[in-house]
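Pasting in a structure now, in structure tokens, and then I'll have a few things to ask.
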Amino acid sequence: MTAFHPINIALFAILVITALAIARIRQLFAAAMLSGLFSLACACIFVLHDAVDVAFTEAAVGAGMTTVLFLCTLALTDSREKSTPPRRSVPAALAALLTGAALIYASADLPKFAAADTPVQQHPLTERYLRDSATEIGIPNVVTSVLASYRGYDTLGETVVIFTAAIAVLMLLGRTAHAKTSDAVMSLHTRHRVLRVVTKLLVPFILVFALYVQFHGDYGPGGGFQAGVIFASGLILYGLVFGLEAARGVAPVRVLRRLVAAGVLIYGGVGVATLVAGGAFLDYDALDPGHPATGQHLGILLVELGVGITVAAAMLMLFLSFAGRRDAR
Amino acid sequence: MLLAATLALLAAMLLALGRALLGPTLFDRILAVNSFGTKTVLFIAVSGFLAGRPHFLDIALVYALINFTGTVAVLKLTHHGEFGAAGAPEQQEGDL
Amino acid sequence: MIASHYSYWVSMALMMIGLYVVMSHANLVKKLIGLNVFQVAVFMLYISLGKRADGTAPILDSAFAAYSHPLPHVLILTAIVVGVATTALGLALTVRIHEAYGTTDEDDALKRDSAQGEPR
Amino acid sequence: MNVILIASDLLLGAGMLFVLTGAAGLYRLPEFFTRTHAASITDSAGAGLVLLGLLLRVEDLATGLRLLLILLFLMFTSPTASQALARSALDDGLRPLVRLGKRPR
């Protein structure tokens, strides 16, 4: 792409302006919305830098999920912050400036941006991932190969982190009483008829799209993490428009709790299965001796499914915990 | 033409960002952020063609979806009361 | 130097804006928003290290020869999802602090603590 | 082939005109309801024309289908979001500034 740099610089300008505005603005609802916009612009940069899978995730998680959680929190707490006194801002600014100067001084040792001969690109692992994975794993999306197979151990850890965080949030905010739908919610229902009809049309489409993302992750951008968040955001949209009660009817917390654990169990179970089959932990070649490519396909499919289930259930649980807190009070 | 389109979209994004920063009401900001989101959808679509690899349009679809969900969430959580409680009117001013 | 490094510098500047917000603001939600900005800036730095000028997205296709490095993408992809999990935990703690102290302002909460005497 | 490319360029150019008009309106118009009007120009005419322009450049079916899906999705969500937003603003007591016999600031 010949026009890489002008586009890059324009997006950077948007990011810097947004970040400065976030630092300055004291209306926290506006700050949360701007942080969503920041994530969206950042996802554009990721696309520009060829990280399509990351852009996918950042858009769904950073711009969608995080913003919704911030808004839920603000609805539960104060939406304005007090002005920052100089005794706080001056030392902080000094520390940030010093750290920034040190970082920029250190950046002189970083390789040239986007060059083909950087240590990153010259590392033997690059060849392994970009050339040999086509025969070793047999799927076109290298990010999925690395995520689910080469670094499957690491991804298991990440899945457990999400599981743990969901459990911790449930311990802090969960166990809320089921409240009756009050008048304010009803007014949203009767007055926003267009919104209701369109949402009803869209939600099934979003859920099917999430399944497509889940199972198309081998061939294009997508996979369990992204699909899980998209699936959850479909149901969150449903809950936002039709009320929490309706969302709980579709996905009761009791079921979600089991699903969060089930996803991790599927992932770990695949590892145990490979051990039983005589391979190393999470070495999918052992799943189908003689046909490593088939084994890899099966292993990645199951592992991604586990990730998808855990992420979808955890995200929904987070949303229901935060949104349900208001009902309980 | 694709390049011109991309640059025009970036300019439009900057204008929308300007409105999001200026406010003055919360609704102006929501409108501007929503409009910014639509422009990023178009940006992803056009830049895929510009880079000569337009196979990743799924991302643009996700952007459109997230944009809609986000707007509904902001509307619901700032305006219509927070899942059952009465709306808090003091949250409606949007000054800096 | 500018042409070859500005990408890193912007990431670093964004990081510092995030750091400034985390350190200077007393409001806990605002701190988390700042942390989010910091986090996304780190993601950008990682991704820009994997970029190749002549490369394309690391999804193999016989029509392309050069690809950007997939490893940073994998690390950051999982980091994003873990990031939302930790942010959610921080927000949950904020909600509980607000319920206990009636404020999300760090200074006010500490003031209330010291007004009630040292905690046992 | 060339004719198709020219047609695509024309559609893209027209779309860009609408996108920029809408963005300028969003930035410059005096109050919320007029800005809603400007924003919906970007969302409907702008997005539609740009995506149609891209559709003429598509080489395989899958990409074309995705473009159509995006178009369909935007055609559903953008007007809905605008309508819900304007309605909420009205419910909230925000009123259009423009009245008969009175010029907006």
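Note that the chains are named A, B, C and D in the order they appear, and that numbering of residues resets to 1 at the start of each chain.
One rule holds for everything that comes next: a contact is a pair of C-beta atoms (placed from the backbone, for glycine too) under 8 Å apart; a residue touches a chain by one contact, two chains touch by 3 or more.
Source: prediction; values computed, not measured.
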item	value
Leading chain pair when contacts are tallied as C-beta pairs	A-C
Centre distance in Å when chain B and chain C are each reduced to the mean of their C-alpha atoms	21
Centroid spacing, where centroids are CA-atom means, of chain B and chain D in whole angstrom	12
Distance between chain centroids, defined by C-alpha means - chain C, chain D (Å)	32
Multi-partner residues of chain C (at least 2 other chains)	56-57, 59, 61
Shared interface positions of chain A, touching two or more other chains	52, 72, 74, 76, 195, 202, 220-221
Chain B residues counted as touching two or more neighbouring chains	13, 30, 51-52, 55-56, 58, 61, 65, 67-68, 72, 80
Touching pairs among all chains present in the structure	A-B, A-C, A-D, B-C, B-D
Interface residues, chain A side, partner chain D - complex	191-192, 194-195, 198, 201-202, 205
Chain B partner contacts - residues on chain C that touch it in the complex	56-57, 59, 61, 64
Residues of chain B touching chain D in the complex	1-2, 4-5, 8-9, 11-13, 15-16, 18-19, 25, 27-28, 30-32, 34-35, 38-39, 41-42, 45-46, 49, 54-55, 57-58, 60-61, 64-65, 67-68, 71-72, 75, 79-80, 92
Touching residues on chain B, where the partner in the complex is chain C	51-53, 55-56
Complex contact set, residues of chain B against chain A	3, 6-7, 10, 13-14, 17, 20-21, 23, 26, 29-30, 33, 36-37, 40, 43-44, 47-48, 50-52, 55-56, 58-59, 61-63, 65-70, 72-74, 76-78, 80-88, 90-91, 93-96
